[in-house]
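Could you have a look at this structure, given as structure tokens, before my questions?
Chain IDs A, B, C and D follow the sequence of writing; residue 1 opens each chain.
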Amino acid sequence: MSAPVHVALEMDQSWRYAAPAAMARFCAGLKERRIEALRCGGCGRRYLPPRPVCGNCHLPLADWVPVADEGRLEAWTVVHVPILDPRTGRMREAPYGMGLVRLDGADTTLNHFLAQSDPARLAIGQRVRAVWREQLAGAIDDIRHFEVLA
Amino acid sequence: MNPVAIVGTGQTRHARARDDASQAELVREAAARALEDAAIEPRDIDAVVIANMELFEGRAWPELWVGEAAFAAGKPCVKVATGGTSGTSGCIAGIHQVASGLFDIVLVVGFEKHSEGHTQTGMTLTDPYWDRAVASGAVGNFALSVSQYMAERGTTERQAAQVAVKARRNAARNPYAHLQMPALTVEEVLASKPLAHPLRMLDMCPQSDGACAIVVASGTRARKLNPRPAWVRAAATRHEQPFIGDIERRLATMRTLREAAREAYAGAGIGNPLKELDVAEIYEPVSYAELAWYEALGFCEEGQAGRLIEEGVTEMGGELPVNPSGGVLSTNPVGASGVIRVAEAALQIHGRGGERQVDGVRTALATGYGVYAWADAIVLADRP
Amino acid sequence: MIRESAIRIPFRYAAGGAGSRFLAALRDERRILGARCDGCRRVFAPLRSFCSSCGASPLEEIALGPGGRVEAWTARADGTVFALVRLDGADTALLHRLVGLPGEPRRGMRVRARFAAERRASILDIAGFEPEEGASA
Amino acid sequence: MSAGALRRPVYVSGIGESRPVPRDPRAIPEMVLEAVQAAYADARCAHTDIDAVVTASVDLLDGLTASNIAVTEVVDAVMKPETRISSEGLAAALHAAAQIASGAYDAVLVVAHAKTSMADYQGLTRWALDPIHVQPLGADFLACAGLQAAMLADGDPGAERRWAKVAAERRRAGNGTFLIPSSVEEILLSPVIAAPLREGMCAPLGDAACAVVLTAGSAAVRLTGVGWDLDSHALGERDLRRWDGLRRAFARACAVAGMDPRGMPIDLVEPSCFYPHEEEMFRAATAIGERAELSPDGGLFAGTAPVVAGLSRFAAAARGVRAGRAKRALAHGAWGPAGQGQAVAILQAGA
């Protein structure tokens, strides 16, 4: 039995991902600090992120409704383990806060970073507000993170 | 559905890194053991199903390379890939293929070699416009749902730690299990490294290299091959909406697992799962998930899961032992993990569980969990 | 709207029992190992841990080549030539590259493994197969 | 009933496609939704009539982990059973047929999708080849096809021109969304990409989605034969001049349909041939006579996408039977290097 040998192969592939039309409109809105959700004509559920159909009713979505950049913290955690960011190939530094935020006007929640990373200062039910970046690129990380309102 | 049974199982020794075996050799190790257990030859296999998540190892169509290791060369073979449920869904695919009348014997093999890639990064390769920018891997995502579940049910960190201890204590009786920590204590779990509040290192499943196989046979063949075939009484699958934020209070509601279990129990004629099931092998990637699944699977009322673990109901020797194998908390090669649940449930009915055998098992449950809330439920029994 | 996104992940594949032995023999002994299945009377190149035909395992280790014949070749637009080479003593062909070609290769031509000067237990420890002395290309 | 037959009849009740184009500006879910809605409309069914879904997609092609997550809603799999057969679309359909025959479900939606315009397709296929012995060499599926073609062309000086003729003929039959050479001379002058294969000989790859509704309830087209097969992975272990895997898959499909493979009166054949030499291997492996109509709409040469190809051929064969152009039709799918994976479906007029 010889010593185990390994074969190292580096994946470096890129993909051109087309955004669904609804996502493209949503991202254009972010550039103007505007958040919109799509409401299902069947069940009335207001979806973030926007998508082609409501999965529960299998109905196409077309009814846009405005959503605030403030909402309620529905779930939270503080992540302590760095992970390899697939977009940069570098480790994302820890610790950082993560939350599920139900923005006023939406029925689904948005997972995003939190400004706070101290468990003692985070609780379900807190009001939170988006902190926008100075330079807006039309992407979900135009929101730097959410901060807990006093 | 036509009568179908599991007549043989086989798995590899699972470990953090199986440097001694290639992916193909790992698959062969499990497949050969399953054939030996079922006392069949490679030529007896009519078709093969492979379960694996390709991006974890960076392979496209991995069945092309490893298929012949599963004795599939010159035979029908396809791959099933549905995240964490790949293994259970692969088993259900094999069950359907036999029940269709096309085949008498189908071999299902699930495998993963996490040591060869970057699984946490692989898991973030989801929606490029949404999830990828704010990804935190499986641990962070699970922790979010745990915070909701704890707030709603009053579950304590200590109760979750008891689940983690039970899993590792059971694993110590399973020679194949990855983590071997027979003397682990609740205090050690609570003192382990924080990963994502409130989850600690010992609340989480490991990442394992490993493979597991089952032999699925038609009714007539099953009776000849095994004195106690594990008959498939029912199998159900439910998938869910794509984003974590779509799912209302995920762990507390878990409508997919509830609905899959309801369908499987109805198909198997089970009214009271706690009393009528003799053993359960459930896919619990996190200690807290096992508690949430107790409720979704109807083992107890909502909010009573903590009591179940405190009173030892799900311990070996309890009313309904859960995960005598040590579960996913002790061994987690993702594509194999679901197959392991089914294999371990079948093993209990075969009466070949060795030191982890529960006495007098006639009815067993196996479940799968994947992506944010996909679920499989399979009921096996000693009678068709 | 289109977003281009790259995935950069390093993978490290275990060559396993047979693969490690095969690659180590390339590196340390400049030998190409194959496997003989007694049941099928078939000699495989490269070495493998089980027979893909009958499933038998383990298989007997056997040295092959280093000479052989080109069974088929194809050239890519960038000039890379891939070939299936039937090594002397083998019943199956090894996929590799042809190098040092004076002209267009042809089926049936004799070739011989050229080993890389620096070897690191990789299939590329064979730099390629080149025409044997005296073999016309 | 003994093994080898479908225990319940299976019918094709709906077909829908997002036709192949070189570069579809839409996202995968939008292409898939078009196909699914068309299949439902064709089957005159509602989403509530569908019991289960089988999808076919490949993570590396889509650049996504568990790429079926992205389509769960559009394929209508929320709170339903979904199985992803990440091999080939036709294999997914054959698995769906097994599900129906097992009695588990009465109506199953099958969906396949791929967008080759997203990435370097051949570059991605390198990640399907044995990482220990082959991938470091830089070979891809195209190189494997080139080696197979080389085996066939050896000692056959007329092969290149014959293949160019086949490609030209198929292309004329197909419609013109792909800009490609279509005369024999143009094809023979197109660049060599994997000798002896030239660019003009390859079926043009693009973006496509296909959806099919299979049911236990009677419909105009019945799926009577199913067979699939996986050959050895290493090219050097196979007789590359023959598609033995297809021969086995075809024999199984005939056995399931209760027919003699040699005496099969098949009127319409829809093979998944990405290169003209594959068409010759296809004919040899299936012993399909000259009488049968083959790829009347140009087959894959009208444009195709991997993974989708086999299901789109299934749809084309079903359309032929439904239109009365054929009493019995054969659809074929292939995946992997040099056709390692093979799938065959036999369709005939239903009820």
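A few comments on the model shown:
Just so we're on the same page, contacts are C-beta pairs under 8 Å (C-beta built on N, C-alpha and C of every residue); 3 or more make two chains touch, one makes a residue touch a chain.
Only a predicted model underlies this, so the values are computations on that prediction, with no experimental measurement involved.
Listed by label, the chains that touch chain B and also chain C are A, D. Of the two chain pairs examined here, B-D and A-B, the one linked by more C-beta pairs in contact is B-D. The centroid of the Cα atoms in chain C and the matching centroid in chain D are 31 Å apart. Note on chain placement: the centre of chain A and the centre of chain B lie 29 Å apart, centres being C-alpha means.
For this pair, chain A with chain D, the centres built from the Cα atoms lie 37 Å apart.
Annotation for chain C: residues 2-3, 5, 7, 9-17, 19, 23, 52, 122 touch two or more other chains.
Looking at chain D, residues 25, 60, 63, 72-73, 78-79, 124, 127, 131-132, 136, 232-233 sit in touch with two or more other chains.
The set of chain A residues that touch two or more partner chains comprises 4, 6-7, 9, 11, 13-19, 23, 27, 51, 55-56, 84, 86-87.
Residue ranges on chain B touching chain A, taken from their complex, read 19-20, 58, 118, 120-121, 124-125, 127-137, 139-141, 143-148, 151, 193-199, 241-246. Interface residues of chain A facing chain D in the complex, by the touch rule stated above, are 7, 9, 11, 13-21, 23, 51-56, 58, 60.
Within the complex, the chain D residues that touch chain A are 24-30, 33, 47, 60, 62-63, 72-74, 76, 78-79, 115, 117-120, 123-124, 127, 131-132, 135-136. Within the complex formed with chain D, the residues of chain C that make contact are 2, 5, 7, 11, 13, 15-16, 19, 22-23, 44-46, 52, 71-77, 80, 82-84, 86, 92-97, 107, 122-124. The residues of chain C lying in touch with chain A in their complex are 1-17, 19-21, 23-24, 121-122.
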